[in-house]
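The following blocks contain the structures, represented as structure tokens.
In what comes next, subunit A is part of two complexes: it sits with subunit B in the first one and with subunit C in the second one.
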Partner chain A sequence: MSVDLDQFKGIFFEESFENLDAMETGLLALSEGETDLETVNTIFRGAHSIKGGGAAFGFDVVSSFTHVMEELLDKMRNGEMEADFASVNILLESVDVLRELLKAFQDGLEPDDQRALALKLKLEEIRDGASGVSEIATDSQIEVEAGDTRDEEIIGWTIHFLPYENLLQTGNDPSLMLRELACLGEMSLQVHTQRIPPLAEMDPEKCYLSWDIELKAPVERDAITEIFEWVEDDCDLDIQPVVQPVERRKMERRDEERRTGEGAGLERRKEDRRAVGKDAAPAPSATIRVSTERIDEIIDMVGELVITQSMLSQLGEDLDLAKLEKLREGLEQLERNSRELQEGVMSIRMQPISFAFNRFPRMVHDVSQKLSKQIRLETSGEDTEMDKTVMEKINDPLVHLVRNSIDHGLETPNERLEAGKEEEGIVRLNAYHQGSFVIIEVSDDGSGLDRERIFTKAVERGLVKESDELSDDQVFRLLLEAGFSTAEQVSDLSGRGVGLDVVRKNIEGLGGSIDIRSELGVGTTFAIRLPLTLAVLDGQLFKVGNDTFILPLSSIVESLQMDQKCISGVASDIELYRLRDEYIPIIDLSKTFSINENPKNMENALLVVVELGERHVGLLIDELLGQQQVVIKSLETNYQRVTGISGATILGDGTVSLILDVAGLIEMSHLDQNNGGKQQKMTNNNLVLQEQ
Partner chain B sequence: MEAVKERETGIADVNENQYLTFMLSGEEYGVDILTVQELRGWEDATPIPNSPSFVSGIINLRGVVVPIINLRDRFGLENRAFDATTVVIIVKLAGNDRERVLGIVVDAVSEVYSISGSDLKPPPDMDGAISIEFVKHLATIDNKMIILLDINRLINEGIFSKKETADLDVHEISVEE
Partner chain C sequence: MSKVLIVDDMASMRKMVSFTLESVGHEVTQASDGDEALGIANNNTFDLVVTDVNMPNMDGLTLVKKLRGLANFKFTPILLLTTEAGTEKKMAGKAAGATGWLVKPFNPDKLLATTKRVLG
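Moving on to the complex of A and B:
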């Protein structure tokens, strides 16, 4: 066989990582006390595929490691062993090790197999320990039925292997199986060639050979059946043990027993295979899997677009005024077509949020052990779809929030019992759509936020003054400020004082916002609000000087003509505008963007009030233009990040226009006022708060 | 001295590289032709706020947003108004971690020369209009000196700072000379 295996390696890695994810999910289900046979089988199947692939590509560390895992899982599958806490943990660790190994192979590196070897020993220990137990368990049955059958000793196997002609077409290769058999021990085999037809009639894609194999190895029957597992339905297979001479009667009976047992096993496995296909866990990867339906829809839309286009070009050939109405109709159709097409293409990027949620069961499992807290993770709304790029960027903030909930939110089991709650704390992940936004909530049923403690701490840190009167909401928001951490001890997980402010920054960077709701003693909820997609937005066009800029429509609260009486200057540079009962800092865009350094006449100028989370700022502009949907193009691709600008877009007339980033603008205008940066931001916030 | 114009021989030597030359304030500069994607006439660019003065802005190049660099300004030459002969050379080059497309505004495009490696002279120590570090070689053709630019270096170091991805103030970038 001189097939170049390299081209399959990529697929192997991708599948293996998916298998590992599926195994992890399965193991976590097991650790929650569920010893469902199907789950064990899913895990087993995953390990088996990785082992097979690993062996085929010569990743011996991987295959020998998975082999031990597989044996252990097999014991669980056959009910010879309990899936207890310890073994599940070891298996979880094994999944990690495997992932590392595969990653190393994928990157073309020599993997560090020390950890693998150590873990393999542990696995073997459990396996052997378990086999001791299982022997005792099954002994009694055997003794009742067959007396001293146990004395007979298997020294090898004879295998009759007759593949059906279509075996090769199912993607299986007998030579690989034979090679794998040979790994078990000394093997001699006889090939039967009588089925080979004359050359003229021979189909090269069919298998005409059959084999009689003698294997001189005292291995378990399962080790052999496993090799043929994938081809059971496509061949005649007869596996007979070669045993030390024992009483014939007993051997026959035992054989029969074996066969019926195996038959049942076969049935079961077939079912399992179907089950695995059905609920193979989705896993994130660089590729997107799109349903053919969606693609068909898009192709249909393209078809319509082409029809519209040809209609329009026909119209264009001899256009007279009489056909104007028709032209208008055609253009309308074109607009509808292109919008539909755009939506269709966008929908390809939409993925269910379960991709992001999937990683949390494992994390909660690990963290709860580390902190010896009992935690149950509940997820809902996993089918909520959102843009893949947004989802990728929201992963880290989510991890942070979940950790935060576990670490700071939930109490220890003792504290919970004292508070009259269940020992087990609940962390809940929920997602749903709201308009053109996705809301993701991370909540816990822990102790809730202690308003007083946060306030005291904020005063200590100089974030607010003792005399400040803040609403609960405002106090909670202090948590999101830089340099704030209420954890009394700095822990391994969170509480280093860097944290929630970074989360807030990331989310605001995505054009989203974050909200905190909490009730003392009942729990806390962090709600993240994110735009559905980053690729297209509804924009408001406006002018500053001669340049056209765009603001995301969703961030605009209102636009108004300023009244001189409401403008008041504070300190040297900050100017506030009184809007009803709120004081809003004004950012003069022509100044921040150095378009026109002359101070603007504020009288009757236009102010666009935008919101960022809870904060409001007013942007001073020259002229409001229309609204339109714009496609966001990154400035970083060919240029670099520009503070205050989130991207560019191409307008209808072909010119480029810049999209403003409100968070960046706020940062900029504070930096402009004073070099103190963050400090200044805080005091400025206070100003607004105090004035209220 | 032996350099011959491509169109006269029609045969490219293995050691020869082709260079596109352009005029800038009376001097003839050359860039490796393999980095050149296309030539365009000048069109108005959308200015980027708070960008260095040599960044004229960004344009729409068939749906791609491409920044335009004013080379006169970058080299500290006297700015002049863009007119009909003003040309934008669109170059495509490997940046620190990706491929980048940008436009360079020059006075006019001149020739394509094939210059063999042996005709390239290292630049002398000079204190000219441009920093010596961006000059790769000098070549002489028809008794004219041609300054061959290291365009990769010019863009990646002279225009974008190495810490380009870092969130730093635009003003700080490339005032390093």
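Moving on to the complex of A and C:
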């Protein structure tokens, strides 16, 4: 029978990536002088496991590559070799290569194995250098067909099998072996009982019997030796072929047939494999690990839900007004049950942020070498949980921020000494919960942001005017603007054309925001604020025309009835509303969504003030409805991406309602572009104020 | 139907072995290292144990030695899952009391054929 193992590929990949992470962590510890044997063992086991799985799934590049790694690590483990700087670095590189190979296989692609082959040679050099002699390949076996003569045909075998007394101690059982032999063909045997001692001396745990077996089966010798493979050293075994002469020509012809047959088969297999390589296999679906505890909790909740349901249906069978109170109670219970269940199910996707943090020790190690800076990475709050999908999306922004801290934040060791600091700079990653948000901070104890330099640069870039008066905070935020880079030189690490503005965009795209705090000479902190989950949001329902829309509650600052006195126009199509000492642009949603093109009477109309980062924008709406939790359905999967809309949801009455995306709305309203030079780029609202 | 205990630190390997054995009707219990396996073995009997060699906490060879010390496991077939074809490793396995070995790469048909040999 054949068993399809492809379904286990997904878990193999996941596990292998975890193993690679563990290996990386171990190697980094070694590079810092750690000598614990268990660390080497862990790295060894990682390579070993990937090799075993790789071979099982036919990823030969992976298994042959890990084989060499494993041998090298084995030597380190046995103390035959030292884990010196060079070899640890090669092993780190090997981890990267393996990651690439596995990623390619995971995506159903034929991996590029050039780098792996080159690195394998290097690994072999180190391995062989350690022992002084190059090893002879162990897997090439020379097989001699003893007693197998060319001109004779084997028609059967005679086998003498005398187990030693202790054969049973290893769990082997002669009767099972004999039974297996009998499966090969017609068998007759003779049992020898002379070794059996008198009853008084007999040990029931020992084997006293032996056998002479005649097997009338023209099988290969291997088929027989395989059966006795495990007991070779625990018995006397003599296997002799029974032969019968045959015509030479007949033999040759058969050999010929066999050869060509095999050749063709081989060719076919190769073709099969190529074909498979071409139409790339669908990537295995992503999996997630959930503790059984969480699942048990959810099952309990479902149990309660079922109880509530049966109680309600019982009530419904003969409902009279007297039972109304009971019905209300039941509905309350149902609400509680479903909320708990929802939270429970959501928690499945929650993972500790250590998954995202774990990649940074390696990165900091590499970057610090490249820049000749001494850096210590400190992490805290690794247990803070957040939605897996959010976490995947903040990886890149986080990498960017950490690189930015190392590259621009931290000074060189000399500069640090001059400033009276320790040579070693510190980059800190911290995470914690705040309401329904996760805060992730990336901070450094470097030179801090230089207000004057940023301001000068911003003026050069035309982002602000020399005459503008900005607070520190506003100046720091300029860093997040498109086309801004303070690095004097464009370095290899950051400042590669993608600036912090991309980080800001990505984070805002997730419904989050980013803050900068800095003190000159002391350090800088970037704080990212993200929603806990992307699957459910607390929404504010409202109406424009006859359509119901939803805004994330978290983006709403306030809602107000407009006062005509506070409305003023700037450009031809932009109107501003004066809210206390701030002017905010008004977006008329009925125009944006072409619900009603006629200009609206603004007097007493409703304005919802929303924030994006630090900017405020007013949305003109017709009617405010209630607030409720909504489940977000993706528009991309069900229809296509629409600017200004982040998703949709289905309301209690079955109608579909669109969820607005504030960043997209601003983009649609062209508030981000310079309007004929009159409207300043709205870096912040005070700038606009000064334009008045 | 037989009761089989499978010990491996790789969940994917455990799953593959379990799936294969369960597909022919065996009842499989999984453990992720020698320690866990020994804990399970103390309170249960099995018709077959299949264990990996390299594992954290307690490796396969130590596990085999300890299992052989338990009355329940004196004659229980114990197979080692190894990636090595070398005789040295096999001898070490035998010395520890293992019944035999299964050389990786893991192949479901081979696993079934081999388990048949020890389970009858």
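We adopt the following convention: the second predicted complex is superposed on the first by the 435 of 692 C-alpha atoms of A that agree within 3 Å, B and C clash if a C-alpha of one lies under 4 Å from a C-alpha of the other, contacts with A are read in each partner's own complex, and residues count from 1 in each chain.
Quick note on the criterion: a residue touches a chain if its C-beta (ideal position, glycine included) is under 8 Å from a C-beta of that chain, and two chains touch if they have at least 3 such contacts.
Just so you know, these numbers come straight off a predicted model, no measurement behind them.
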| item | value |
| --- | --- |
| Touched partner set for A:S49, first subunit B, second subunit C, both or neither | second |
| Partner chain in contact with A:T592 - subunit B first, subunit C second, else both or neither | first |
| Subunit B versus subunit C as contact partner of A:D547, first or second or both or neither | first |
| Of subunit B and subunit C, the chain that contacts the larger number of subunit A residues | C |
| First (subunit B), second (subunit C), both or neither touched by A:V642 | first |
| Touching partner for A:S657 - first (subunit B), second (subunit C), both, neither | first |
| Touching partner for A:T193 - first (subunit B), second (subunit C), both, neither | neither |
| Contacts of A:Q561 with subunit B and subunit C, given as first, second, both or neither | neither |
| Interfacial residue positions of subunit A with respect to subunit B in the complex | 547, 592-595, 633-645, 648, 650, 654-658 |
| Residue numbers on subunit B that touch subunit A, as the complex places them | 44-51, 55, 57-60, 63-67, 98, 100-102, 160, 164-165, 167, 169-170, 173 |
| Residue numbers on subunit A that touch subunit C, as the complex places them | 1-3, 5, 7-8, 11-12, 15, 41-42, 44-45, 48-49, 51-53, 55-56, 58, 63, 138-139, 168-173, 175-177, 179-180, 205, 227, 229-230, 233-234 |
| Contacting residues of subunit C [partner subunit A, same complex] | 9-13, 15-16, 19-20, 23-24, 52, 54-56, 68, 74-78, 81, 83, 85-86, 91, 94, 97-101, 104-109, 112, 116-118, 120 |
